Amino acid sequence: MRISRHLEKYKKAGAGFMAAVLVTLLWATASITPSRALADEAPAAPAAAATGDAAATAGTAAAPAAAPAPTEPQMVKFADINSGDTAWMMTSTALVLMMTIPGLALFYAGMVRKKNVLATLMQSFAITCLVTILWWIVGYSIAFTPGTNPYGVGGLSRLFMKGMVYMHDDQKLTVSHLGLTIPETVYAMFQATFAIITPALICGSFAERMKFSAMLWFMGIWLLLVYCPIAHWVWEPSGWLASKGVLDFAGGTVVHINAGIAGLATAIMLGKRQGFGKEAMAPHNLTLTLIGASLLWVGWFGFNAGSAVASDGRAGMAFAATHIATAAAALAWMFVEWITKGKPSVLGIASGAVAGLVAITPASGFVGPSAAVIIGVAAGVICFISSTSVKKAFGYDDSLDAFGVHCIGGIVGALLTGALASKEISGSDGSVLIQLLGVGTTLIYGFVMSMIILKVVDMTVGLRVTSDDEREGLDISQHGERVE
Amino acid sequence: MRISRHLEKYKKAGAGFMAAVLVTLLWATASITPSRALADEAPAAPAAAATGDAAATAGTAAAPAAAPAPTEPQMVKFADINSGDTAWMMTSTALVLMMTIPGLALFYAGMVRKKNVLATLMQSFAITCLVTILWWIVGYSIAFTPGTNPYGVGGLSRLFMKGMVYMHDDQKLTVSHLGLTIPETVYAMFQATFAIITPALICGSFAERMKFSAMLWFMGIWLLLVYCPIAHWVWEPSGWLASKGVLDFAGGTVVHINAGIAGLATAIMLGKRQGFGKEAMAPHNLTLTLIGASLLWVGWFGFNAGSAVASDGRAGMAFAATHIATAAAALAWMFVEWITKGKPSVLGIASGAVAGLVAITPASGFVGPSAAVIIGVAAGVICFISSTSVKKAFGYDDSLDAFGVHCIGGIVGALLTGALASKEISGSDGSVLIQLLGVGTTLIYGFVMSMIILKVVDMTVGLRVTSDDEREGLDISQHGERVE
Amino acid sequence: MRISRHLEKYKKAGAGFMAAVLVTLLWATASITPSRALADEAPAAPAAAATGDAAATAGTAAAPAAAPAPTEPQMVKFADINSGDTAWMMTSTALVLMMTIPGLALFYAGMVRKKNVLATLMQSFAITCLVTILWWIVGYSIAFTPGTNPYGVGGLSRLFMKGMVYMHDDQKLTVSHLGLTIPETVYAMFQATFAIITPALICGSFAERMKFSAMLWFMGIWLLLVYCPIAHWVWEPSGWLASKGVLDFAGGTVVHINAGIAGLATAIMLGKRQGFGKEAMAPHNLTLTLIGASLLWVGWFGFNAGSAVASDGRAGMAFAATHIATAAAALAWMFVEWITKGKPSVLGIASGAVAGLVAITPASGFVGPSAAVIIGVAAGVICFISSTSVKKAFGYDDSLDAFGVHCIGGIVGALLTGALASKEISGSDGSVLIQLLGVGTTLIYGFVMSMIILKVVDMTVGLRVTSDDEREGLDISQHGERVE
Amino acid sequence: MKLVTSIVKPFKLEDVRKALSELGVSGMTVTEVKGFGRQRGHTELYRGAEYSVDFVPKSRIEVAVKAELVDRVVDAIVQAAKTGKVGDGKIFISDLDRVVRIRTGEVDDAAL
Amino acid sequence: MKLVTSIVKPFKLEDVRKALSELGVSGMTVTEVKGFGRQRGHTELYRGAEYSVDFVPKSRIEVAVKAELVDRVVDAIVQAAKTGKVGDGKIFISDLDRVVRIRTGEVDDAAL
Amino acid sequence: MKLVTSIVKPFKLEDVRKALSELGVSGMTVTEVKGFGRQRGHTELYRGAEYSVDFVPKSRIEVAVKAELVDRVVDAIVQAAKTGKVGDGKIFISDLDRVVRIRTGEVDDAAL
């Protein structure tokens, strides 16, 4: 009877989504009409617009300045596409998807108790699917096309990815103004993987107690109301933070601070797990966590070096900075733990590596190897403190430290990017003050909006599972499955 | 004594294969002689033959039409190779191998009972090795070189991959007529990974009961008598289905329908597992299954976008369609299950994702994002029904739903490709009727041949393990190992 | 009280490292000064210096000979970078990192007893971090920059990777003389992943009994005193083995023989595990081992094809040889075991695959598919014997066969490379004698140095855990963690 | 009351359970155990080296029953668990002073 | 001495342990077991097919105690393990001839 | 017959088994259990936070033997399982009404 009541709730939730999906289907069918008309509106970009390596491998020496930088997606000739850049960006996209599934899914799943392992994996996987569909419907369009109001979001020209075309006979296709040498489809998918991992990161804060249906609602709304706007502000040239000169090469602010602060909001709104602080809640299988951390590391090359949107020297420098900073952070965390607690733990070194990856993310394209070491060590030490002492002090149950590692690590990275950005490498100087503006905006906007969305979902679907369901474990109570 | 009798059998089987391997070795040694002679026969292709991006990055605007499309592998200059296309194709090959090991191996291993997990992993791994060797000996040659009879197989010019050369001093190497801008070695390996995963998929239908030796024999014969011919017919321009205009971008028919229908044959020939329907045969560890599904998704970008055999806009469009269709199918399956059964399961969403990947495979290079959503939703819903109600109705033990997901999903995809193929994207219109021809041929030829091969193997080696071995589990009975 | 004494020890060890890390930090800060000055010293390389595909995709036909081959890292224009080669090399670097974490980590972790699984994973992960930092400090510089004395190591021009630059405004960056078409940062990271996996391989020989602190000290010292010199001798043109003409395409000698012989030294110095030979020490979870073997296989394409340092036909040939040899070796091991022991084991086929990968490593760029089969079969059979009969005969506890598979497999590969290298493919003939020189040097130098380092570490930190710690398991005794 | 503890082959558990419930004994507690006895374990391969695992997985079934039911329970178990092959297992019968049902506090026969 | 064996819901283990140590009974041996009884297991989904798992995970707690302590031990366990819902479990009390502490060789009450 | 149940340190299991078979007792049933007692468990780290695990893994060995064998069996176990350190474990001896060998139906001593 309790059961049945629940099923009802689920069904409602489910049905709701189902409806959504179906509706979009109609739209979809509508939107398959050849987009030639639409496409031609955009002026074909002169081949010379191709920049950097594109030009290079095309054998010309055209400096980027040669043509006015385009400000919106446009149609180009097949010949303007650089196959090397495209190869690297498709690879990067695959790598970043691998970061979430199975990477992050395993990283988190290994830290929960055995009765919640499947539910934890399910969160990352379901978010991957949900975000992809929302991204296709409207996410990409409002985040990465120019908007009219710098404080608002982008336009709707890419609704249902209409107008993102490849025209076989005319030998033409569209490119994003943010990546002129690769197909727009690839750029849109690359960004999709970023939109996927950000909400997935939040799951670390409310592990082992959130209702699956509520999680879907929260994530879906959060993506559109929080992620897309912030991504637009920071990364789309017409966004206000971008024009202010905030530096965020691969998403320290947009992805990590953003996810981390939302995580804190969930930890506060959902409250602690039953028995938190009393019972031992040791990670049930750190083998999974270590596999996850390793795949995160490997995939992060796509995340950071891929953010150069080219297969060039800038990407190479980001690649090196990422690898070195991660190693430094992992060792820093390990040694601090070793000295303070007497033993270096597997969870510790893995957490340190992730902290380093997070902190180098905004800096990767702006700093060299040595600055990367400084950022790494700082992230390792500071995140160790925030995930242990600080958490204990305030007593919130940021279960898997999405806030402690991603938000704090992201802040460390964002500010140090301002301090250490090298003009030689990036051509632009960083400023701690401007970085603070980006950080502050994200913290405030992200936290407030997350709290509001959570409240709404709580009043409608209900955020938390029943005490019995929590005790039995989410695997069985939410998904009717169990790991032997 | 029973044991010993068994060992005998195994040894026989083993010895048989051993022999095979050794024989090929002799051939091999013979075939190391410099292939210059052979090579020169092929006319060096004019650089202009390089198409699409190749030309593009080579700085020329040569339309593909510029040179008569070659019809067989040939010798080209180093300069005709496009490094971007080659980079993407090598990456794709690695990704597709990753789909089978560890991807598919884990996807299946997580669904069996604990006593069969190693044996299930072993099947995928051993097939990978076996097919690779057969591919080197003759598979690639009969599948991807032109033949004399459109209803037959290709020629023997690439026996032992002789004639597939790289000549350092002459700065020349061979390319396949199916991929003019990449080395033939890369194309042959890319196709090898397709030949590997197809038989590996079949394992899902006879899980937990087939003799390992029998499996090796069946797969080896099946590859040469079923996979190679169908691949040749559909993909090699001289094949009859190819000339009829059957569209199969990445293998919906050749790989998935083909594997699925063979799976049904094995399920019928081997019969049900002991206790099927009576005992609970729940998946023992869906963590493995979810890791597998995730790696399948990630690797599938190589499968579909790689099938463009170039790093260009067509690949990009295939990439996007693949990702979006998968997400749609996973959600569709999840919501249907949620509404009909009351809970969304991990196995469900993972199965849905795979169903979507299967269905978008033939369509990927021919449709845009919105059509991809339609294909995905259709696949998710239909495969859910075929793997549950239909299977229950007919009562065959398609243990892990190789038929229910791959054959049915493949059919959905093949037909919808005919219906939704976009002339804008592919330059060619699809036809449901012609697609039906491809589907029907594969279903009939594949099913009949599989039954025959199974019968022969059953009469010689014996298909099924003894009832005691099945009860004890294949891990110990077939491989003398066990997971703690 | 025993505990406390231990903690002391650990803390000391830890503190030591900590210190090291901190010191380097100071240096680091110092070394962030713009490297323009330093950079300009190097003469800008003429665009024509770009070789192979680089030239190709740049549309020119410049033969490599066109310019005198550079002998040290130098500054080039953005336009000299080939985006396709760079894409492949970044991908390869990610793949090779994936080989160690999680690949090798899992391959080994699955073979130990459950009480040591985390400690085994931790070894690979910690080595990854430690080596990365040492590589940044000095490793890359002494291994891959030219030295004054062919029997010594390289120079210090890349200390802290100073001088490895990317200059945004001048459109210039540095490249290594060993890879003219990709950024030096990418080359340095690619080589870093080789420097990471080599020590990680050694862990197989001393599994389940070495103190974590001792392991860190040993690996750190070994990297600088053994790996770097040998890498320099064999791969850096000014090294004496390189000039003697030793062929080692991807590291059969530098990586595998080197790691394997060091492994033997550790097995001898640490002695056997408690109960070795008496108690059953069966692998606790071969699922992990099979995942590991699969990821090693997939990642190895980056290892071998990546060693072409280009995305060209040579890489393609290395790719094909790698895949085919691996399959042949896996089948060879499986059938030999099947015939001699009565059952084909999962551990067997996985070990065979690794043996094949090891043996083809030095040969990959020099042989074709058929020679690859011969090398594979030889490796499979010989390594099977060395890991079973030979090990039993001598009675050393090479726990996970780092010596039996990597050293022996490496020797098989190195010698067969001399015998089978194809002039057509590589432009150079091989010589078994010269190969023997490389093998012998590595065996002797590596073994002696390893013994010395081990002795020193034993006298200071102590190599082996206490008998109680060993019995309780390293997971809890070394890291205070446990897998449920 | 008596406590009937039987060690049986795991795949026989289901049959035993059915047999018992036919006697109206619906409750039981099952433990997965390692059995050593005449039945030898299988041999495992490890890098080609063979060694024998001397324990066999078994299921240990505990049933508390009224004294008068014991004989029928034992017969039922023997019937259900028997394969005639070595390793079928054992049944141990011992005495119980008292049985309590935690939920209700009921004792002895009422608690079963 | 008596052996008090109780089958309780796993999440009650901690409470039972506390209750017992308050009685000065610090030692106990716990086994994870599968329980069959009135309480039904949950139902699982498998590729959309549903089936019910009829066992429930339980914790089996063995405590050897002086005869005179038995009643208080039983009460303590009942108090601690009770939720009032079906499936709370059972307590079995049986007699022990002898108890030995391996470390010292002490026997009976001294060994507890 | 008597049932001798001993709780020992896992790594002593092998020794105990050897000792018993020397007495001609080849059969036994072993369960992996969690032990609580004087011996404290280790402490674990979790994101730097430390907490102690209060149970210790133990092996529970059940052997049914003829009454007259009990003393020698107990001695053998004590000898084999003793390390002298806290946590060595306990031995419980209780009475068995009956023993049945399922395969043959033999009862009591014949069944052992």
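Order of writing sets the chain letters: A, B, C, D, E and F. Residues in each chain are counted from 1.
Going forward, a residue touches a chain if its C-beta (ideal position, glycine included) is under 8 Å from a C-beta of that chain, and two chains touch if they have at least 3 such contacts.
Here the structure is a predicted model, which means the values were calculated and not measured.
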Return the chains common to the contact lists of chain B and chain D. C, E
Going from chain C to chain E via touching chains takes a minimum number of steps equal to 2
Check B-E, C-F or A-F against B-D and flag the pair whose interface repeats it, over half of the contact pairs matching by residue number. C-F
So, what's the distance in Å between the C-alpha centres of chain F and chain D? 18
For the pair chain A and chain D, the C-alpha centroid-to-centroid distance in angstrom is 53
Where chain D touches two or more other chains, by residue: 31, 44-45, 50, 53, 94-95
Identify all positions of chain B at which a residue touches two or more other chains, and write them in rising order. 57, 59, 82-85, 87-88, 91, 282-283, 311, 341, 343, 345, 347, 479-482
In contact (per the touch rule at the top): chain pairs: A-B, A-C, A-E, A-F, B-C, B-D, B-E, C-D, C-F, D-E, D-F, E-F
The residues of chain A that touch chain C in their complex are 52-57, 59, 61, 63, 82-85, 87-88, 91, 95, 114, 282-287, 290-291, 293-295, 297-299, 301-302, 305, 310-317, 319-320, 323-324, 326-328, 330-332, 334-335, 338-339, 341-347, 349-350, 353, 368-371, 373-374, 377, 420, 422-427
Touching chain B in the complex, chain A uses residues 7, 10-11, 14-15, 17-18, 21, 24-25, 28-29, 31-32, 34-36, 57-60, 78-88, 90-91, 93-94, 97-98, 101-102, 105-106, 109, 117-118, 121-122, 125-126, 128-130, 132-133, 136, 160-162, 164-169, 171, 173, 182-186, 188-189, 192, 212, 288, 311, 478-484
So, in the complex, the side of chain E touching chain F is made of residues 3, 17, 26-32, 64, 94-103, 105, 111
Sites on chain F touched by chain C in the complex: 11, 14, 42-45, 50, 53
Chain D partner, complex, touching residues on chain B are 279, 471-472, 476, 479-482
